[in-house]
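What follows is a set of notes on a single structure, which appears directly below.
Chains: A, B, C and D, in written order; residue numbering restarts at 1 for each.
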Amino acid sequence: MILQLKPGTSEQLAHELAERFSAFCVFDGGHFLLVTSSSQHQADPETEPYVERIQTFTDDMQLSSRSWQKPTREVIVGNSHFGNGKTTVVMAGPCSVESEHQIREISGMLVEQGLGTLRAGAFKPRTSPYTFQGLGKKGLELLLKMKQEFGLNIITEVRDSTHIEEVIEAADIVQIGAKAMYDQGILRRCGKSDKAVMIKRGFGSTLQELVQAAEFVMSAGNLRVLLCERGIRTFETKTRFTLDLCGVAWLKEKCNLPVILDPSHAMGYAYGVPDLTRACTAMGVDGLLIEVHPDPANALSDASQQLTPQQFRDLVASLQPIAQAVGRKIS
Amino acid sequence: MILQLKPGTSEQLAHELAERFSAFCVFDGGHFLLVTSSSQHQADPETEPYVERIQTFTDDMQLSSRSWQKPTREVIVGNSHFGNGKTTVVMAGPCSVESEHQIREISGMLVEQGLGTLRAGAFKPRTSPYTFQGLGKKGLELLLKMKQEFGLNIITEVRDSTHIEEVIEAADIVQIGAKAMYDQGILRRCGKSDKAVMIKRGFGSTLQELVQAAEFVMSAGNLRVLLCERGIRTFETKTRFTLDLCGVAWLKEKCNLPVILDPSHAMGYAYGVPDLTRACTAMGVDGLLIEVHPDPANALSDASQQLTPQQFRDLVASLQPIAQAVGRKIS
Amino acid sequence: MILQLKPGTSEQLAHELAERFSAFCVFDGGHFLLVTSSSQHQADPETEPYVERIQTFTDDMQLSSRSWQKPTREVIVGNSHFGNGKTTVVMAGPCSVESEHQIREISGMLVEQGLGTLRAGAFKPRTSPYTFQGLGKKGLELLLKMKQEFGLNIITEVRDSTHIEEVIEAADIVQIGAKAMYDQGILRRCGKSDKAVMIKRGFGSTLQELVQAAEFVMSAGNLRVLLCERGIRTFETKTRFTLDLCGVAWLKEKCNLPVILDPSHAMGYAYGVPDLTRACTAMGVDGLLIEVHPDPANALSDASQQLTPQQFRDLVASLQPIAQAVGRKIS
Amino acid sequence: MILQLKPGTSEQLAHELAERFSAFCVFDGGHFLLVTSSSQHQADPETEPYVERIQTFTDDMQLSSRSWQKPTREVIVGNSHFGNGKTTVVMAGPCSVESEHQIREISGMLVEQGLGTLRAGAFKPRTSPYTFQGLGKKGLELLLKMKQEFGLNIITEVRDSTHIEEVIEAADIVQIGAKAMYDQGILRRCGKSDKAVMIKRGFGSTLQELVQAAEFVMSAGNLRVLLCERGIRTFETKTRFTLDLCGVAWLKEKCNLPVILDPSHAMGYAYGVPDLTRACTAMGVDGLLIEVHPDPANALSDASQQLTPQQFRDLVASLQPIAQAVGRKIS
């Protein structure tokens, strides 16, 4: 249940009321809101003097639902606009930061393509302890260097709560990976930050759980949340995962958060990435995450799914007319 | 293993050899072929005098694999060309034939849109015995009437082997439904027919099984096979199924059969069908199956997922520029 | 909705009423029943004079539901009792009939173990056309020979509608395989037979669909239906399928049909079959299907999952005390 | 690859070698081991003087594989023995610690049943921010109180890295929940602890990933790891999850860690828990986790799946003869 407080309610009063009625206090669109469980369907009569709008829900998709706020919640990061309905932001880069040389080559290529966001992992959430785990803090430093040198926005992943502060500090968009989607230590900390946050859907997670992960961040005060579909795990093993575009259609219909797609991780093989990226673009989504590496065959992680710079250039060129056909442009 | 017989081998000799070496005999691209299990990796030395090309395989995707024949196997049905790389054929119509009035209204609308193929079910493979099971033979007669009246190609489904003759007789494209994908009675009978055959992937079936179903038809002699992805069953329940576009990318890469997509059944809800259809079109596929009904709310089956005629017209109009962006046109 | 007609209603009147009210007419437990869709919640007032009990349902699990008939529907086949709550019937044999020698060896071993039902396939529903497809009619003849020689009940599979008559003729229990679960040609024909019918759950099929498949047979008049869980397809690939014992718990709670388990197909590897079979026995189920072959390594199908005769003997010996612990005995 | 150092190698030298050859250093069964990626198949020739046994692997299941160490790695916690092949340890309690009264009632009941391990969550990994999140530190204190009062071992869950120290401090067995299975912050910290660690398989996680999570803990030095199967997410929605007993058979065959089963979470409904628990017991597993609550209907979390004390007593009584039938006893 969301209770929208009357205009002019002070922040102090809003927080007092939230505490009194065991609610989260969120400042959203010029109003203070009290947010409680969706299982609550009746407001305490004592709230009446303060409240100007009440809405009940059938599940815990509340702040993120179009039934509460119809328009998409626009998230602006530097020059990138997510959710304005007019752009599809292409974020690209290698799976992992491996070296300064590597990351600079990709950064230059992005700028050359007119793209403004660099993606690359410093803390890699590998499933085996015996494989490359990322450069860690050193990787973050290299990303910051690229930011300064090329003016790029940085999106990078937090693996677990132990290095959340460093990632929030370094990133323009904090990526919560598929394997960390339920991590409340991360979600709540991001809720206290003013950085944009992109939550990747766990490969075994329902859409409902994805939006509820967003509600953790939003109820803690940070409404700058992006949702990312990156493929779910199914019985089919010819491809790495199964990109759930039906789920994207549902998100676009029911949820007011911008939607990002990651066809690289879904497919797992470079040969399918261009076709899938074009499909995602034609869906009219707010952003794309594409893996590109100067030398995919020798990448330290996810070698099979990263595009070469030339494949990437060809792909971006092919996206523009599709974006235009659905009223958007690539940026 | 496929053994391609030398040019000029007579049909009689080809069949004799097939019997002698326990192989299927298929006439493909001007050659007689002997096809055996992929577990066979060595040809009988006695075949040597007759054979000009031998290829072994790692699995039972043989005639349908691009490693055997690189170019897509084009299937022409009336004016519709599947697999020429230049067109995406839109096949549309209601889930079930319900009445002459209903099916005529849709047929007229297709012609008006410049589309040439009517889809509608007469034998419905429902999961419950207590729901509408289709008009059966009466439904086929109505479809034939539309064919004569409007010059439309007809694609309609065979539910089980008991009415396979009637469907082969009536249809231009015999649809083997998702629930009948393993039905060897149907597959083998279609292999003896010269009608085009579209095999829908079972919602619990792997891509490997789908191409192997095609191999049943092809090894029996009919190479005019289309494959259709219509959504697989996953843990996500917000949508009816999960459209597997990663799988489509795999099919396009590995398999030489034309690929058709059915976003209506995958999504299960009309609201998502336009976005998904645009995504499928941007993939560069050979055909689309779209459900449209004069009055979806009162449809006797699949009410929630059928478009209204107006929604369908708007959708088709929006597809043309996307098809063009990937070098195709809607037809 | 089920309408139970008053005692003494004649068969002729029952069928007339069924036709008049578009219902299935079923004779169940001494009463004629009219069965309609569960979406119908109000009986036609004109039925009132004939009806003594009306029950509505929330889904199309009707005749098979415990809410309609609480006790399990016992199915007796020769000396085997399925569903009496006191026995777990072990049905065993090779995946496929391969030769008279092979099938006789297994038959002798069953008799020696005090077991009364032989399972073996004559028509194999293989996914590839290039592998062993079963001996067909010849296989049925060998099974009948074993029946005569050893007094065993025969359970064997129908692959598609084209040979349903032969299988009904030969089998004591007609097995509808996982890949044929939706085949209405088979289901309806079995509904007109008086043979016991075992329906295997499709590996991509929900429990709801499984019981609805049973409703096809039951609404056509044959109430002698067994349900078999044999593993569903999931993302896990270390084992062939995932045996769904949670689903079995649901079936036991909600459905009045006897439940059979097939751990051999679920596991796909002989090493896990004994443990799983013991688990199934401890669930208190009505029957078990176990694959055993005189020489598994050289089996023509499913080589990896069949037990040796010695492994099978050891397994059966280990089941007895577990069955006893849950109030049953192996038979 | 695992390199077992010669007897008498000093700890210091072992660590020096590990650093020099980029390996993990683990003390296992009286030997120092150097563990590297399984992709390494050739030891550095310079290691030769120090090494007495080398084993290569095909995947990153190394320390936990039976091919490295055949016997199960026994884990002893107080009086409870996991993995000795003779006992099945029943760990029971409510989903969440709710109050002192509640947790004391259950503790008393456990002691009365002769059981030695209390399970209950203090930090609950809920998917929605708007539901009960557990008592946190207060919950841990109540668990410690029960430990002192009743002499029970405590198993409780860590939700994310932010409170890992408190849980390690309080628990006898640290439970890493299904949603935290990939959390390297937790896994590595547990690897430095001497507490037993139970890793629950994520509901979307493969068996391979589960054992690799264990390898994170083991390679960091802690070999006291238990694996828990608690149901995976599939397309079937009649039950909460699908308990993967085929997977358990695989774990028992391939992996040397004790296996625990949690039928309560898999089923999601109390009615199925007794049958499933009996099935698990007949599998011959090392432990069971069962949810029991003084008043399930009013539980603050997982109300539907918790047994009443009386149901629990009846269940435990029924397990003893089954355990005995497979050569074990309940403890």
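By definition in this document, a contact is a pair of C-beta atoms (placed from the backbone, for glycine too) under 8 Å apart; a residue touches a chain by one contact, two chains touch by 3 or more.
Only a predicted model underlies this, so the values are computations on that prediction, with no experimental measurement involved.
*Asks:* From the centre of chain A, which other chain's Cα mean sits the farthest off?
*Replies:* C
*Asks:* Test of understanding: which option in A-B, A-C or A-D shares over half of the contact pairs of C-D, residue numbers taken as the match?
*Replies:* A-B
*Asks:* Could you quickly compare B-D and B-C and let me know which has more C-beta contacts?
*Replies:* B-C
*Asks:* What's the distance between the Cα centroids of chain B and chain C, rounded to whole Å?
*Replies:* 32
*Asks:* Mind checking the centre-to-centre distance between chain A and chain B? Centres are C-alpha means, answer in whole Å.
*Replies:* Roughly 37 Å, centre to centre.
*Asks:* Measuring centre to centre with CA averages, how many angstrom lie between chain B and chain D?
*Replies:* Comparing mean C-alpha positions, chain D is 48 Å from chain B.
*Asks:* Among all residues of chain C, which ones touch two or more of the remaining chains?
*Replies:* As it turns out, chain C has residues touching two or more other chains at 204, 208, 232-235, 237.
*Asks:* Any idea which chain D residues touch chain A in the complex?
*Replies:* Of all residues in chain D, those touching chain A are 24, 35-39, 60, 62, 125, 127-131, 133, 159-162, 179-180, 182-186, 202-205, 208-209, 212-213, 215-216, 219-220, 232-233.
*Asks:* Touching residues of chain C toward chain D in the complex: what are they?
*Replies:* My answer: residues 204, 206-208, 231-232, 234-250, 252-253, 266-269, 271-272, 275-276, 278-284, 318, 321-322, 324-326.
*Asks:* Applying the document's contact rule, which stretches of chain A touch chain C when the two form their complex?
*Replies:* Touching chain C from chain A are residues 204, 233-235, 237.
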